[in-house]
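To keep things simple, chains are lettered A, B, C and D as they appear, and every chain counts its residues starting from 1.
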Amino acid sequence: MKNTYTKEFAPVELNNPVLIEGLPGLGLVGKIAIRHLIKQLKAKKFAYLYSPHFPYFVLVNKKGNVRLLRGAFYYVKDLAAKHDVILFTGDSQSQTIEGQYDIAEKMLTFAKKHNVDTIVTIGGYRMESTDKPKVIAAGTTQQILEQATNAGATVSTTGSPIVGTAGLILGLARFKQITALCLLGETRGYLPDPLSARSVIEVLKNMFNLNVDMAALDDEITKADKMVTRLQKIEETRALQAVETRKEEDKKTTYIS
Amino acid sequence: MKNTYTKEFAPVELNNPVLIEGLPGLGLVGKIAIRHLIKQLKAKKFAYLYSPHFPYFVLVNKKGNVRLLRGAFYYVKDLAAKHDVILFTGDSQSQTIEGQYDIAEKMLTFAKKHNVDTIVTIGGYRMESTDKPKVIAAGTTQQILEQATNAGATVSTTGSPIVGTAGLILGLARFKQITALCLLGETRGYLPDPLSARSVIEVLKNMFNLNVDMAALDDEITKADKMVTRLQKIEETRALQAVETRKEEDKKTTYIS
Amino acid sequence: MKNTYTKEFAPVELNNPVLIEGLPGLGLVGKIAIRHLIKQLKAKKFAYLYSPHFPYFVLVNKKGNVRLLRGAFYYVKDLAAKHDVILFTGDSQSQTIEGQYDIAEKMLTFAKKHNVDTIVTIGGYRMESTDKPKVIAAGTTQQILEQATNAGATVSTTGSPIVGTAGLILGLARFKQITALCLLGETRGYLPDPLSARSVIEVLKNMFNLNVDMAALDDEITKADKMVTRLQKIEETRALQAVETRKEEDKKTTYIS
Amino acid sequence: MKNTYTKEFAPVELNNPVLIEGLPGLGLVGKIAIRHLIKQLKAKKFAYLYSPHFPYFVLVNKKGNVRLLRGAFYYVKDLAAKHDVILFTGDSQSQTIEGQYDIAEKMLTFAKKHNVDTIVTIGGYRMESTDKPKVIAAGTTQQILEQATNAGATVSTTGSPIVGTAGLILGLARFKQITALCLLGETRGYLPDPLSARSVIEVLKNMFNLNVDMAALDDEITKADKMVTRLQKIEETRALQAVETRKEEDKKTTYIS
């Protein structure tokens, strides 16, 4: 395999589809959001994206079956919405600079082929937020940014760059006459963050009239909260022990002298 | 040289061959296993694989002769088995991500050309095992996995990724309609591990009715055991000396104060 | 996007143009100089350069609009000069070796297409200078070097290499029969250095009869000076505190003993 | 520039030429040897090799003139020898793995075009030798190895790999039906080592009846010796001072306690 390519294994006719992308990144916000949308909208897989720029290992499932790292495209039809929807997520981002540009470009070629006129990419935005993570929006047109803010997002005013596929798709979209929007959920980023993904999904629900149940995601959020609390306790204990150890060592030093 | 390529220097007609691959990796399990099979089955070299993704040095033999890093294909015919066998090993894995994908692909193209319908790749699996290393199997079909477990392997249920050529061959095999199996021998991984290679060969013997004598490998295992014991002693001595040195230094510190 | 390419969006007929290039580098000397020239000469943007060798992120402006990293070409016509002028700057240099050569080559192809016969590249030269930074010149012909020294530059006699696009353009220019000059402003390099950029612009003014007002740049210089003074104070305070902390610790050590 | 290429600027007809290569490497042995041969044999430059795999900077000479990094081919005709000679050296080795293979391949294509049937590459071999550095030989045929040993070289029996262009040319030479030999001068490697280069040149003189005066090289050797002695003194002084400083600190510690 010398080139990134997409492979469709089910013929699909889509009506005016929106493509929503979420690869692994900060807080796994994009991947968690897409995975939840796939489940709740009962989306069907119809294509893969393979690339020699992904890491060079394969995954093994619990039955011992092996597969390449890849991205996967899913579709949802007959929604009570104006748009059919294509959902995209995957195992990894590209490991090389040139691969990042190449994969973003191949996704746009795929989108164009399916008459996608709007792409939304999802990512995380590093922020020590407390209660409800905000959703930061950046886009290729003022119109799509207005739709996003009307749906609950906040326009990015910081000028922070957007790293990786979620960003490059926007950068390259204008060359294909595709409108693109990036939604970044605030997240601390070092642990999977379903709460941040929830904020992003709410914006998407409003924008595209998606009928998505949040219950399952709320369970994940509760679990993630418990995990964070547990890790914080471990960290506090560790810090206290470090202080104790130091005191002990100070005593010893005094004694030896 | 800009591309990976294979070069056959002896015309060979093979009957329904199985290809077994083992490149250097954890514990050198794959390379040791293939080297032993080549010797025991009196396999004959018939092709090389060259790549600009191998490290940029050449090897010198004891006569001062030089050669490129490469992979080599060997064949065995007229076995008391249903399959002829192609064996593959080499000096190194690819040094770049794209090279890893490229080399795995070129091996599959070679396999297809020789009507290989089953490939087995061999590697190591990091594990602090004690007595008899287990052999972990992952595969592209349930049937090949069953054959492997019937022959003594254990199906991987951990979901650990398989890194490098041994993994990518499996990932890419389905695009060529080739069945592929990966056998990973448990190994600590930091020293050549013929005991782990032995476990893998036993599974292969059972699967493909190979007539392989283990005596030579048992000698290697004894040597490797002695090496491990020696290294452990060196390490223990070093640790004891470190303790002594510290005591001496503590005394000095007391004296100075 | 697999290749570096330039894209013109406004048809322009230029008279015997000089191309002046300044990408981010040491002290941002090149970028600051070009930015100032663009503003003062009211240059108009007419083309972009895109490359998969730029870093893989996109920029977001204050309205939330997104764009790829890129280089941009501007032109100035009807100067009271013998030459029209093309100005080039951008967001970043290439992140890979091959990309560096590729981008320099693409810039020369662009220059050739527009009948450019002289290119000037701008960069920084690391030097702990005090008052007025000197401008070091290197070039592809003795004639252009003489013009540069007549305009106030000093010919490089140290044999220091010139790193990055500013250097490679010169190295590759002879294959396109284009004369090229590199002007390096002395700079400490670790902060944006408009004073160094000023020195370079003065040489350019003399060489090409450019009518450039320096007032705005002088404001930037004043600001940069204040920034340096502030940073030095912070550093001094930090150093003093470190000394104090050490004294305190020494006292403690004495006490414990 | 996307590809490595060679460019001839003087038409040359050579009689059965030998190509001798020496790029920068351990102790600069290869580069020093070739530079000396070029001067002593009054060889004439006739071609360059350029590559986007060289580092991305350009060199400036004392007149301020700029040039790309490159390799250069020189020729010597009408020697009292059976062979004309092509000499090759350059500024740098490739910075990427693939570039290393690419450049070695391009050199062989160039050699083939000029009917070269023997290539000798020169490098350094790390060794704490004392008096006269030995020359280690590795080759593609037993015949060339015998010629080398008859001329004073020692055949490599250690199986050490040969890294970089000097090695890869040998590895790739057999695909072009060119005989190749590598001569490695023993060197500590961390400083330019003309003494090691001298040993290599002596082997070459014997092998190809080259009429090379060594006087100039002996001057370089004397200078290099002085440099080594000076560096050793600096190092000894530094070590003594470190001991003194430690004693002083020990006293202080005692006092404080």
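We take it that contacts are C-beta pairs under 8 Å (C-beta built on N, C-alpha and C of every residue); 3 or more make two chains touch, one makes a residue touch a chain.
Since this is a predicted model, take the numbers as computed values, not measurements.
Asks: Shared numbers divided by all numbers used: is that above or below half for subunit A and subunit C, i.e. same or different?
Replies: Different, since most residue numbers here occur in only one copy.
Asks: Work out the mean Cα position per chain and let me know which chain is farthest from subunit B.
Replies: Centre of mass proxy via C-alpha means gives C as farthest from subunit B.
Asks: How many angstrom lie between the CA centroids of subunit A and subunit D, rounded to a whole number?
Replies: Each chain reduced to its C-alpha mean, subunit A and subunit D end up 52 Å apart.
Asks: Report, in whole Å, the distance between the mean C-alpha point of subunit C and the mean C-alpha point of subunit D.
Replies: 37
Asks: Quick one: which residues in subunit B touch 2 or more of the other chains?
Replies: As it turns out, subunit B has residues touching two or more other chains at 257.
Asks: Drawing the touching chains as a network, do you get a line, a ring, a star, a complete graph or other?
Replies: Basically the chains close up into a ring.
Asks: What are all the touching pairs of chains?
Replies: The complete list of chain pairs in contact reads A-B, A-C, B-D, C-D.
Asks: Going by the contact rule at the top, pick out the subunit C residues touching subunit A in the complex.
Replies: 1-2, 52-69, 95-96, 256-257
Asks: What does subunit A use to touch subunit C in their complex?
Replies: So the residues of subunit A in touch with subunit C come to 94, 97-98, 100-102, 104-105, 137-140, 142, 145, 155-164, 167-168, 170-172, 180, 182, 250, 253-254, 257.
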